[in-house]
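Look at the two complexes coming up: chain A is in both, with chain B in one and chain C in the other.
Moving on, here comes the complex of A and B:
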């Protein structure tokens, strides 16, 4: 069986990524022996496809910087970070970190956090399905057992902590709310979840991030509430427990006291 | 012997999520829907909910765009496993992929790239199709590409190349009539002669799509397979030629970019259906 040299394909692949490289050996057309424009169709397809994938995933980020700036930054990102997976739904996970250190975007320090929120939304959109706990799931639990309860969070749950009003900025640029002057320029923690089919984005109240992260790490309710209180004296357990169950953020509760008995 | 396609010999449409509500609102007069496999490789959520609905109500074709079967490198085993899982879950009537490559050296190019047609590339693609069919536990269809360049190394005609892959592996072929038109115009050959030379008995599905025309380095016409416009009359005429010879076949309208609203897209499929009906009636009359 004749063996196939990978050289030609490798040359083709390198030339796709580097417009300064000559045409790969053997690439011809009936109209021209050096069909630069024809080969450029492939180069263009690759780049336009990657930029398009980023545009689809980061619409609010694009709105903030404008189409030309976005395309230029996406082109630089795509050149430096081509996809390594054929699953384009995951492409751009590294784009927010790229924007955080992208010098031309330095005047927009919140831009990377908006992109982080948008990346989390796509992950939530594709996250595994799981039925949330019913809001009444704790109705039968003895009061003294409450502090020992552990929760399994919904696979879609992610938190983006920001030193900027990231939820408000995203909502205005993502078509969720009207543009208005931001009078209260304070950091916001964004909660991204998809309890059923719709992706939800919420601004988290004081201490909620510490609380949810502790629960997500497997800590019992009592310890999670203490940690949240320590991080923020305004933390309100009742409100946060209602949000956990009413918002469909938990899919299972583990009552070890019950299982030991 | 004809390739045993499980898809109905009628018109179908490439599914776009923005059309879901309109599709779900009423029974559509279509034979099947086709989806790109890689868009349904997330764990859950809306994509699977929509695909589950389509599966329940219509015949389904799963069309891979990233297996890189035409590569000189080994197939991506993880990707094959994901395709297997998707086919097991949705049991599509058809699975198809492309005579093209899309990954090299660990980088995914997100495009269908051309390859030289040589004895060596033929052997490696036969091995890849064998491996894919074994991994998926089913026969697949391989699609003829639209290309913009040729290779000086090529020594086998594309039709002979595809015929030999099908003969050696038992796979069927997906005849993309727009790709035939695009490649013929780009490389200066006769599209009708290509169709005449194509093993139509091995075709399990037809693709129809739109393209646009620009010019190449020498100012000669260069067609770009953009899937962003209606099927042109010349491509429909080639399609008539195919179904006049082969009889009605499962026929997909592919409109991936700037897709129109659902009534317009469905209208394109109904145009193809009308031509399938006419071809079927003519054959019935000549057989009588």
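Moving on, here comes the complex of A and C:
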């Protein structure tokens, strides 16, 4: 058995994805020695299950293109990307990249970014729980030590940078806001986080992405703020600190000046 | 002379003090308190994805190769994309 099993499994898996392949060897039923129809039902259910998982994870994407288009796209994706995990909540991490190069969707260049935002929301939902840093933890820090502070970001934090108004488009199609004309068509960076139980999506102000990415990479506060200012002169440190502390984006602060002394 | 902006300890401290005051006075800036949410239902629903009876289209009725055709669909998006106004005009995905 150990020598035969990999071949059998490989043949079975390939036949699940390709209806043109013959019934895998060794598949029999009590009603038939070659249960073609039964295998087709099983194959179809596998495919429908994968499509259903994508539908559940990408509702706004589906709403933008409609059910028929979405199902057909999902089927093509699922045929080429079998799941690597039995956890269906993680299925479809590669779906946004697939949409970005999917020619029938080329007229909707923002579609892949909306899907990226939705994928990030699911990851944030299932990210580890962590208690946000209390703002009061910073109240007593000496002014000279502030520039050297490092922060540990919440494990749910993700950023989706987009050349399109991705937050507005997602919000309208995700049932978060009413449909309205997008008069200000400009790129938006989306911040996805889950400080408590609810996944939150925010539009990031100018320079905020650079700031948060720098902090997330372990840079001290002073260097992160300077990098953000260099990326955008409109960067507002006060608003960003308020978002960091008030939005529960950090879970710990490291004051090296204190530890060295 | 470098173009890099140097932040002084005083300006950092000022920004932090204002931010802490903002956070303290503006309750809406804080994380939303735990409450039953749509996302909870979402999480539960995901468990049923592989279920044969998960919804329309997932019945165990005999479906064969004919139901599995991959390329016989029209490249038309019938969703809300047409209500999104882009600088190039209304979105549409007509196959024309």
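The rule is simple: the second predicted complex is superposed on the first by the 238 of 261 C-alpha atoms of A that agree within 3 Å, B and C clash if a C-alpha of one lies under 4 Å from a C-alpha of the other, contacts with A are read in each partner's own complex, and residues count from 1 in each chain.
Basically, a contact is a pair of C-beta atoms (placed from the backbone, for glycine too) under 8 Å apart; a residue touches a chain by one contact, two chains touch by 3 or more.
Just so you know, these numbers come straight off a predicted model, no measurement behind them.
Of the two partner chains, both chain B and chain C are touched by A:45. Of the two partner chains, chain B and chain C are each touched by A:197.
Shared-chain residue A:32: touches chain B; no touch with chain C. Which of chain B and chain C touches more residues of chain A is settled by the count: it is C.
Within the superposed three-chain model, A:155 lies in touch with chain B and out of touch with chain C [touch as defined at top]. In the superposition on chain A, A:13 makes contact with chain B only, while chain C stays out of contact range. When the shared chain is aligned, chain B comes close enough to touch A:85, but chain C does not. In the superposed model, A:128 makes contact with chain B only, not with chain C.
Contacts of A:104 after superposition on the shared chain: chain C is touched, whereas chain B is not. According to the touch criterion, the shared surface of chain A, contacted by chain B in one complex and chain C in the other, consists of residues 36-37, 41, 45, 49, 53, 88-89, 125-126, 197.
Residues 19-20, 36-37, 40-41, 43-45, 47-49, 52-53, 56-57, 62-70, 72, 75-76, 79, 88-89, 104-105, 107-108, 110, 125-126, 132, 135, 138-139, 141, 143-144, 146-147, 169, 172-173, 179, 181-183, 185, 195-200, 221-222, 225-226, 229-230, 237-248 of chain A touch chain C in their complex. Touching chain B in their complex are the following residues of chain A: 1-6, 8-10, 12-13, 16-17, 26-32, 34-39, 41-42, 45-46, 49-50, 53, 82-89, 124-130, 155-156, 194, 197. Those residues of chain C that touch chain A in the shared complex are 3-7, 9-13, 15-16, 18-20, 22-24, 26, 29-35, 37, 39-40, 42-43, 45-46, 49-52, 54-55, 57-58, 60-65, 67-68, 70, 73-81, 83-87, 91-93. Those residues of chain B whose C-beta lies close enough to touch chain A in the complex are 38-39, 41-49, 66-68, 71-73, 76, 79, 101-111, 113, 115-116, 118-121, 123-124, 148-153, 186-188, 215-218, 220, 222, 224.
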